[in-house]
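The following pair of complexes shares a single chain, chain A, combined with chain B in the former and chain C in the latter.
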Partner chain A sequence: MSAVLDLSNVRKTYGALNALDGLDLTLPDNAYVALLGPSGSGKTTLLRVIAGFETPDAGSLTFKGNRIEGVAPHRRDIGFVFQNFALFPHLSVAKNIAFGLEHRDIDPVTDPKILHTRVKDMVALVGLDGLEERAVTQISGGQRQRVALARTLITEPSLVLLDEPLGALDANLRGRMRLELRAIRERCGVTFLHVTGSESEALAMGDLVLVLDQGKIAQAADADTVYNQPKSPAVARFLNCYNLFDGTLSGNGFVNPLATFPLGGAIPRQSGQPGYAIRYDRIAVRPLDEAVANDEVRLEATFVADEYSGAAINSFFALDDGRVFEVESHLSQTVPAALQPQSRYALVWKRDDALVYA
Partner chain B sequence: MTIIAETASRAPPAVAAKKVSDKTLWLLAPGLLWMLLFLVVPMLMMVYVSFWTQTTFKISPILTVQSWVTFFTSETYLSALWTTVRIWLIVLVTTLLVGYPAALYVGLFVRNKTTQTVLLVFCVIPFWTSFLIRVLAWRPMLGKEGAINLILQALGIINTPIEVLLFSELSVIIGMTQIYCVFMVGPIAFMMGRIDQSVIEAAQDMGAGFWRIFRTIILPLTMPGVVVGAIFVSVMVLGEFATAAALSGRKVNLLGNIIVTQVGSLKWAFAAVVGVVLTILMGIVVAALLRVVDLRKAL
Partner chain C sequence: MNSSGTKFALGVYTSLFLVFLYAPMVVLGILSFQTGPEGGPQFPIIEWSTYWYQHLFGFTPPSRIAPLPINEALFRSLVLSVMTMIVSTVLGVSSAQAFRRKFRGSGVAFYLIVLGMMVPGVLVGLGMALVANVLGIDRHWWGTAFVLHVVYTYPFAFLVMLAILNRFDPSVEEAAWSLGVSPIRTFRKITFPLIFPGVLSAMLFAFTLSYDEFSRTLFASGRDLTLPLAIYGTFSVEVHPNVFAFGVLTTIFSFALLGVYAALMTLSIRRAKRIAIQEEA
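Moving on to the complex of A and B:
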């Protein structure tokens, strides 16, 4: 796979804030790339820099082999789908979609017949048939999303940036649009860079998942690798499925204020920040008096409450330092015994299941 | 079953509608009463008086069309009507030409809200002085020995003062443009401020240059502001008399000036005729402007 976009050492500061702090990034051609970042991680800034709405303070942007730092947004051949859709409120659905073809500086389409055909094809592609003459204020959120996408795709950009495209939709629609977006991208054969703050969205959608942390790409890998082998405690935290502990490595144990966790055979990962992570669904809850095997780690905590979500139960425990510790039990595997609130239990996991960072 | 359901579901809304309409009536009453007493009745009175018989110093309620005939057969009055329309159109265009770019700049290019407010306040500051002073202040500016002529002469651009600057139609237009421009800037800047920045960025991203975006996005979205501004300016300019009186040296006679003179010489019936003509003219202008944009939809 060849690269469509390459960012090298890109910096952007707002006052004292380093929104982008020497960011390197390579986007493959013809792929769905999900960019996961918590709010404030610089993800919107990154998109705006790529689209050309913001100028980076330093660094280089190479798009299809050409440097584009100084190129105006309307000459970049990069599409941008706005979080609030930013549709033209005074134009109909068809006029919104036709806008780019009709009014672009370079090579505008003036023949109304060609324009009509292209709009019709695009309307069919995103599934908006029959709504062409509606005002964009008279259609639903999901339909607006499709108009925004169609309007961008019709100019055939080589790269489409989507700024939290599903954020404005309700949960039901979000699920449907995920599949839809992936299908539309496959039909167009271009690269989508989909920015989101939701880890499940990023993992579900990205062929390649990028994790943005403090203005840098903390990890770039496929969804499975990111989920099972987060590169640093920070990445693990964004994934929202790991209990994390700060501490230090000492001999064959991980020392933190609560306990010393004995380590398994795996070599600790180098991340620059020591940490210990154990996935929510790799933990067993046992009575205090039950024995512990040799390859296990044990920690005591107070049960607080649990949350039933159909396929699983998430139980919340309070650790002795007051922090919350979460356990996820999949109901298809075990039916956990009912737990008594405010009672103490032993939380047990296999040494080798934990991720240790040095 | 269906019938029962229907009657059952229909009854409560009817009650609710009655309650609402009672409340609506009470809320509307003061406004309606006010409008009736101080707008509709005086207007009807004006129409009525315009048909009264006018003798030199007396007016009597004997119906006649004499005043109307005089108005529409007199060269003086018809030319005043034409002058009013001409000056109104010119001022409408000049306020738009001066006001729109200013509003575009303030509303769209100034991103900082505080700076925006400060700039708009600057537009309004002249209004803190009295209307008459603002008009009269143009005399030392435009006069034969006024600031503009002196400066141009000192710079050697002209040898003899430009006389047409003051006491001419030009001076009236300059004065009116300055006075009424802010009424154009306000509504347009308001509409500019309501344009989502990302809408413009989206148009940019799709490949459109500035002028394209201006023509296809910014202008249509600010049209309601232009129409509201134009209505403000039109209504005020059509009823104007003070600027013309102070800056034209009696060379420019607007319908407003004629009303002032006629009332001054106690010719009430004739003043009423001019008043009715002026009101109809404004009505036509406002109705025409409202046709341009559906304000209810746009706001």
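Moving on to the complex of A and C:
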């Protein structure tokens, strides 16, 4: 796979804030790339810099082999789908979709017949048949999302940036649009860069998942690698499925204020920030007096509450320093014993299941 | 004080306010139907008639009361207001557009623009007359007075457009750019249609302010009078109800303008609704 976009050492500051702090990034051609970042990580700034709405303070942007730092947004051939859709409120659905094709600077389509055919094809592609003459204020959120997408795709950009495109939709629709977006992208054969703050969305949608942390790409890998082998404690935190501990490595243990966790055989990962992470679903809850095996780690905590979600139960414990510790039990594997609120339990996991960062 | 008492007091206050606001207009309207030519601008009404309206258009037999010398003044005022409206609105829209981004000296520029509506009109008018004298420029309603009208109405148009653009969602423009559409075309096809209601308001402001501008015009317009000056001129001799009749007609004209404005304003909303209705039918 060749690269469609390459960013090198891109910087952008707002006053004292480093929105982008020497960011490097390579996007492959014809792929669905998900960019995961918590709010404030600079993900919207990154998209706006790529689209040309913001000028980076330093660094280079190479798009299809050409440097584009100084190129105006309308000459970049990069599409942008806004979180609020930003449809043209005074135009009908069909006119919204036709707008770019009809009015663009380079190679506009002026023949009404060709325009009509192209719009019709695009309307069919995104599933908006029969709504062409509606005002965009008279259609539902999901339909607006499709108009926004169709309007961009009809101009056939080589790269489409999507800024939290599902954020404004309700949960039900969001699930459906995930599949649709992937299917539409495959039919068009362009690269989508989909920015999201939701880890499940990023993992579900990205052929490649990028994790943005403090203005830098903290990890770029496929979903499975990101989920199972986060590169740093920060990445693990964004995934929202790891209990994290700060501390230091000492001999064969990870020392933190609550306890010293004995380590397994794995070599600690170098990440620049020491940390210890154990996944929610790799933890067993046992009575205090039950024995611990040699390859296990044990930590005591007070049970607070649990949350039933159908396929699993998430139990919340308070550690002795007041922090929350979460355990996820999949009901298809075990049916956990009922836990007594405000009682103490032993939380046990295998040494080798933990991720240790140095 | 209980709340119904407060309500009552405020109601009375508001009613009184409205009475004082509109009483002069009502009196003017009533007196315009005084009989003529012997009836004057005072109560009681001797006999109801439309004499003064006919007098205005020269349909009455000649009498000792001369017709209002306003034909040419009306024409001048209308032309001047339309010119002012166009120039002020164009200036207001473009400078408000410029103020969407902070630029060096934007604070100073803002106050310089707004100053035009804050300085007393008499002073500016007098100042313009002096400058014109010093520079040897002839004073005309279409020259010196026109410049002052623009200086005066431009800040209003500018402030209206500033408020409109403040609420404007710039992502719509960015969306158009990202589709490959140039900023100029984006402004024409997207921004302008969306801010058009605001542009109409700015035009209305500029027109009405210019149409009845007095103090600036008094000194700057030279020998050809605009409508407010011509009407004022007739007061210095003797006031007849024909001025009131003219006032009523002007008011009706203003309401007609407002009606056009309202119609244009609702048109875009209607259109959106009609599309939806057709779809459902």
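Here is the rule we go by: the second predicted complex is superposed on the first by the 358 of 358 C-alpha atoms of A that agree within 3 Å, B and C clash if a C-alpha of one lies under 4 Å from a C-alpha of the other, contacts with A are read in each partner's own complex, and residues count from 1 in each chain.
Here is the rule we go by: contacts are C-beta pairs under 8 Å (C-beta built on N, C-alpha and C of every residue); 3 or more make two chains touch, one makes a residue touch a chain.
As the structure is a prediction and not an experimental result, all values here were calculated from the model.
Annotation: superposed three-chain arrangement on chain A; chain B versus chain C shows a clash.
Contacts of A:Asn314 after superposition on the shared chain: neither chain B nor chain C is touched. When the shared chain is aligned, chain B and chain C each come close enough to touch A:Asn84. In the superposed pair of complexes, A:Ser92 makes contact with chain C only, with no contact to chain B. Legend: residue contacts after superposition of the two complexes on their common chain; A:Arg151 is shown touching both chain B and chain C.
Looking at the superposition, the partner that touches the larger set of chain A residues, chain B or chain C, turns out to be C.
Contact with chain C, but none with chain B, is seen for A:Glu133 once the two complexes are overlaid on the shared chain. When the two complexes are overlaid on their common chain A, residue A:Gly100 makes contact with chain B and with chain C alike. In the superposition on chain A, the residues of chain A contacted by chain B and by chain C overlap at 51-53, 72-75, 78-80, 82, 84, 86-90, 99-100, 103-106, 151-152, 155.
Chain A makes touch with chain C in their complex at residues 51-53, 72-80, 82, 84, 86-90, 92, 99-100, 103-106, 131, 133-135, 137-138, 148, 151-152, 155, 157.
Contact residues on chain A toward chain B in their complex (touch as defined above): 51-53, 72-75, 78-80, 82, 84, 86-90, 99-100, 103-106, 151-152, 155.
Only residues 169, 171-172, 174-183, 185-186, 189-190, 193-194, 268, 272, 275-276, 278-279 of chain C touch chain A when the two sit together in their complex. Interface residues of chain B facing chain A in the complex, by the touch rule stated above, are 196, 198-199, 201-209, 212-213, 216-217, 220-221.
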